[in-house]
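Given below, in the form of structure tokens, are the structures.
In the two complexes that follow, chain A is the common piece, with chain B as its partner first and chain C second.
And now, the complex of A and B:
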């Protein structure tokens, strides 16, 4: 049986169930790179182009982690996943960046995913991916259709089940299906906004989610907001937001502003993130104008010293508790 | 003996100790340079206070803050451990009850805290760049051969402050040199620098914040008359500089200690005898996984007091007799 490696980075946090299921349905063993650790960070930073953001640099480290363990690495070129919307340009160049990095690579399963003009382009992309494994078109399409069901389930656990992505990934792999816990309304929530690959990578985010939970906050993210609400809220912008991830963040921010159980909002961005320099600014302006809840902006990069993040998180939580005490 | 509360703020540049009484009146303040040795400096500070502590006062509670707050808390036996943002807000609200804006500039960091109706509602702290904090002023004073104490006074003599680029301390320095070589007077250049730093602070740290009075300016840099004047000019209103502006973090920690002791009833303070104890720290790389975390261990007379630095909590949680602080 051949093995296909998937880097535990970037869009792993959005599409892993889809990719894993697809390859498994074709009889392939899927291997994930290790969770981000010091070696992966060091290797990634050393190999990547200077100008890249930390998440892209980490991708190099995860590819290297897989390079000698698998027969092939899945390396999609994500241009667009929705009509008239785009993913950050760095993702478009990712396969080229990796190929010119000097890493001794196994076979690459490359595919162009661009649904900006035509939704049916996905079928063609699936066939191209499957071609690396089998020549049987019907088998490939069947594997794809089943994988799409898994992906929907994974998204459902987050959107309606109130599960954070890391738990959703776990629940999904354990095949417990639609386990929904739902959130308790009384617990004050802190909304975390940011790209999934920053928020849910425990190493990179310095485990912000657990730090907040330890302080007593319940964490809610943009992934917990149903798609229809995101569309509706993001449509309030005077100009359409064409960054897919940016749209989700803006839509979620507008939604959280209206919710009485959300007591504060934290936006986390990588140092040097292009789309976030605009999206973050928009969110911040709306937050300040609304004046209904505290807002904190955190920049993350290669730091391993946690003191700066801890100080800000603690002060932020103090502020929320202080306000709550006064309200009661 | 009179009950007092001790606040200790161990920052990157200075270590401050403050004693307050039950009515939160400030009795003693002590300002020491940390010089990269937090444990030694804290012990030194306590030994300076030992006389008054043993004769007149009884320490009823201790609070720590600053970047070395956790380390200090373990050494001293603290009742409250708080981040410096909260500590500064608490102290400002105590001294100026209706305060709405707190500007704080220390040695390495600067922050702004917005307070509305007695409650912190927003804050910001400088991120990657320390331009415009105390260290940079220190460095420029040294370059010009002016004692830092006189630096600010000189700015007040300016008749026409020159424009200095304030975004980056490297740009600021080269701009200052250019102006000086053109023949501009020292007071004008120094006043220009103060205005540039204030502009930089308000644009970066204070970005988008509504600065309403009363405005309190605290932290070590508040000693600088030039900076005080530049702030007054920039925010177009008067600025309150508290009497103990340099040790406000420690004042906040002491107040929080009083509140903590009221809640839990007794103090964890080890007593001034801790000056004579041997505290040692040791660090090692954990080999449990690929993260190889740098774990720090704090010992008192060969007994392990605390460990931290591990991401997974394996070492941190391995001690059962760690005193609970909170």
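And now, the complex of A and C:
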């Protein structure tokens, strides 16, 4: 049985169930790279160009971690996952960047996923991916359709079930299916905004979710907001946002601003993140105009220290509790 | 309704000619200075790329001169430039600066918006007048490029280092005033002749360095700190990968004119980069390959710090450097970049190339 490696980085946090199921349905063993650790960070930082953002540097590290363990590595070029939208230029050049890095790579399962012009391009991309495993078109499409159902379940657990992505990834793999452990509306919440690969990577985010939970905060993220609300809220911008992740963040931010149970908003961005430099600015300006809740902006990179983050989180949480006490 | 446009190299000259031809009042921002930079930097998001900040400085300074409408280009992503105008509008609003923004989005975004914008800019003129206005702008852009290319050739060869630049600056002032095709081209030819007549060393063979990278930082001398001038003074012939008229052809006429276009560069970028990465990333990779093919001795990539497409290109350029045996250096510029630091790096790069060339020549004999 051949093994396909999937780096535990970037869009792993968005599409892992889809990819895993697809390859497994085709009779392939899927291997994940180790959770981010110091070694992976150091390797990534050493191999990538200095100016790249931390998540991209980590991707190098995760690919290297897989390189001698698997027969093939899944290295998609994620250009666009929605009509007239893009992810980020760095995602679009990622396979070429990895290939120029000098890592000794096994076979690569490369595919361009570009739905910016044509929604049906996904089927074609699936066939292209499957061709590396089998020549049987029907088998590939069948595997794909089943995988899409898993992906929908995974998204459902987050959007309607109120589960954060790391739990959703666990629940989904344990096949407990349609968990509807919805959040209680009354509990005060802190909204975390940021790209999934920063928020949910425990090493990168300094485990910020658990830190907040330990302080007593309930955490809600953009992934917990249904797509229809995101679309509706993001449409309030005079110009359509053309970054998929940026749109989700700004839509969620507008939504959280209206919710009485959300008491504060934290935006986490990688140092040097292009889209976030503008999306974050928009969120901050709208927050400041609304003047309804505290806002914390955290920039993270490979040099970020635990202590600094903890201090800022504690101060932020103290402020929220103080404000709550004032209100009562 | 005095209209203003942000600076990008000498683009303001043809743009101003076009807008004035249809009868609009144009107030250009003063040339970019330290003040433009600090006004822009103070009020922009910290991690935004440099062009956004300078544009904003331009607007504020143009406002001081009486402009109340901004003409700006838009885009469909994924490069940040497509969202510049939106962010700048929010910033101006919070600053309490009341300026109307006309954002020219590509027609495929929304035909109606595009036509509406054109109508504002056309100022009620007939199509014939509009076409003539565009033609006038085109002649000016072509003429500027003609002299610019000659300037690049003359700089390393001239005996006195600022002669050719003086002629070029005078020519720019002249061409700004002219409104007839024949006059414009005659002025350009005269400037070229004057440069040829300068005392210079005709036997000197300068080393050639190609300048590739993000278009704004390549074209705008203020943000690249006079990169080409410095190279010229070191006796290096700098050649840009893109000229104003080529950019206009690619982005405004969608590459219909028979000039070197981005399609050629994209083909050259294969196999190193096979996909559009936003901005000029693809073209940067192609230009580096082109430079190596055309016998350049080195390549310098310039880009604003955190520019996403150029980071992709930067990650790929070492591969080209190795394959084609050509030195490549990357320069990122932002508001912190100092001229002395830049000159030191350029000198080291140029010394290395000279030494390399010398060794190659000796060993081939």
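One rule holds in what follows: the second predicted complex is superposed on the first by the 327 of 328 C-alpha atoms of A that agree within 3 Å, B and C clash if a C-alpha of one lies under 4 Å from a C-alpha of the other, contacts with A are read in each partner's own complex, and residues count from 1 in each chain.
The working rule: contacts are C-beta pairs under 8 Å (C-beta built on N, C-alpha and C of every residue); 3 or more make two chains touch, one makes a residue touch a chain.
Quantities reported herein were computed from a predicted structural model and do not represent experimental measurements.
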(message) Quick one: is A:300 in contact with chain B, with chain C, with both, or with neither? Answer first, second, both or neither.
(response) neither
(request) Would you sort A:309 into first (chain B), second (chain C), both or neither based on which partner it touches? (result) neither
(message) Contacts for A:242 in the overlay, against chain B (first) and chain C (second): which applies, first, second, both or neither?
(response) second
(message) Output check: A:87 vs chain B and chain C. Expected answer is one of first, second, both, neither. What do you get?
(response) second
(request) Once the structures are superposed on A, label A:26 by its partner contacts, choosing first (chain B), second (chain C), both or neither. (result) neither
(request) Go through the superposed model and pick first if A:171 touches only chain B, second if only chain C, both, or neither. (result) neither
(message) Looking at A:101 after the superposition, I want to know if it touches chain B, chain C, both of them or none. Which is it: first, second, both, neither?
(response) second
(request) Please indicate which partner A:77 is in contact with in the superposed arrangement: first for chain B, second for chain C, both, or neither. (result) second
(message) As a test of reading the superposition: which chain, chain B or chain C, is in touch with more residues of chain A?
(response) C
(request) Please work out whether A:38 is in contact with chain B alone, chain C alone, both, or neither, and reply first, second, both or neither. (result) first
(message) Counting contacts the way the document defines them, which residues of chain A are shared by the two interfaces, the one with chain B and the one with chain C?
(response) 271, 285, 299
(message) List the residues on chain A that touch chain C in their complex, please.
(response) 48-49, 51-52, 77, 79, 84-90, 92-93, 96-97, 100-101, 112, 237-239, 241-243, 269, 271-278, 280-282, 285, 289, 299
(message) Quick check: in the complex, which residue numbers of chain B touch chain A?
(response) 67, 82-86, 117-123, 125, 127-128, 208, 289-292, 311
(message) Give the list of chain C residues in touch with chain A in this complex.
(response) 45-49, 74, 76-80, 82-83, 85-87, 89-91, 94, 103, 105, 272-279, 281, 305-309, 311-316, 318-319, 332
(request) Can you check the complex and tell me which residues of chain A touch chain B? (result) 34, 37-40, 202-203, 207, 271, 284-285, 288, 294-295, 299, 307, 310-312, 314-316, 318-319, 322-323, 326
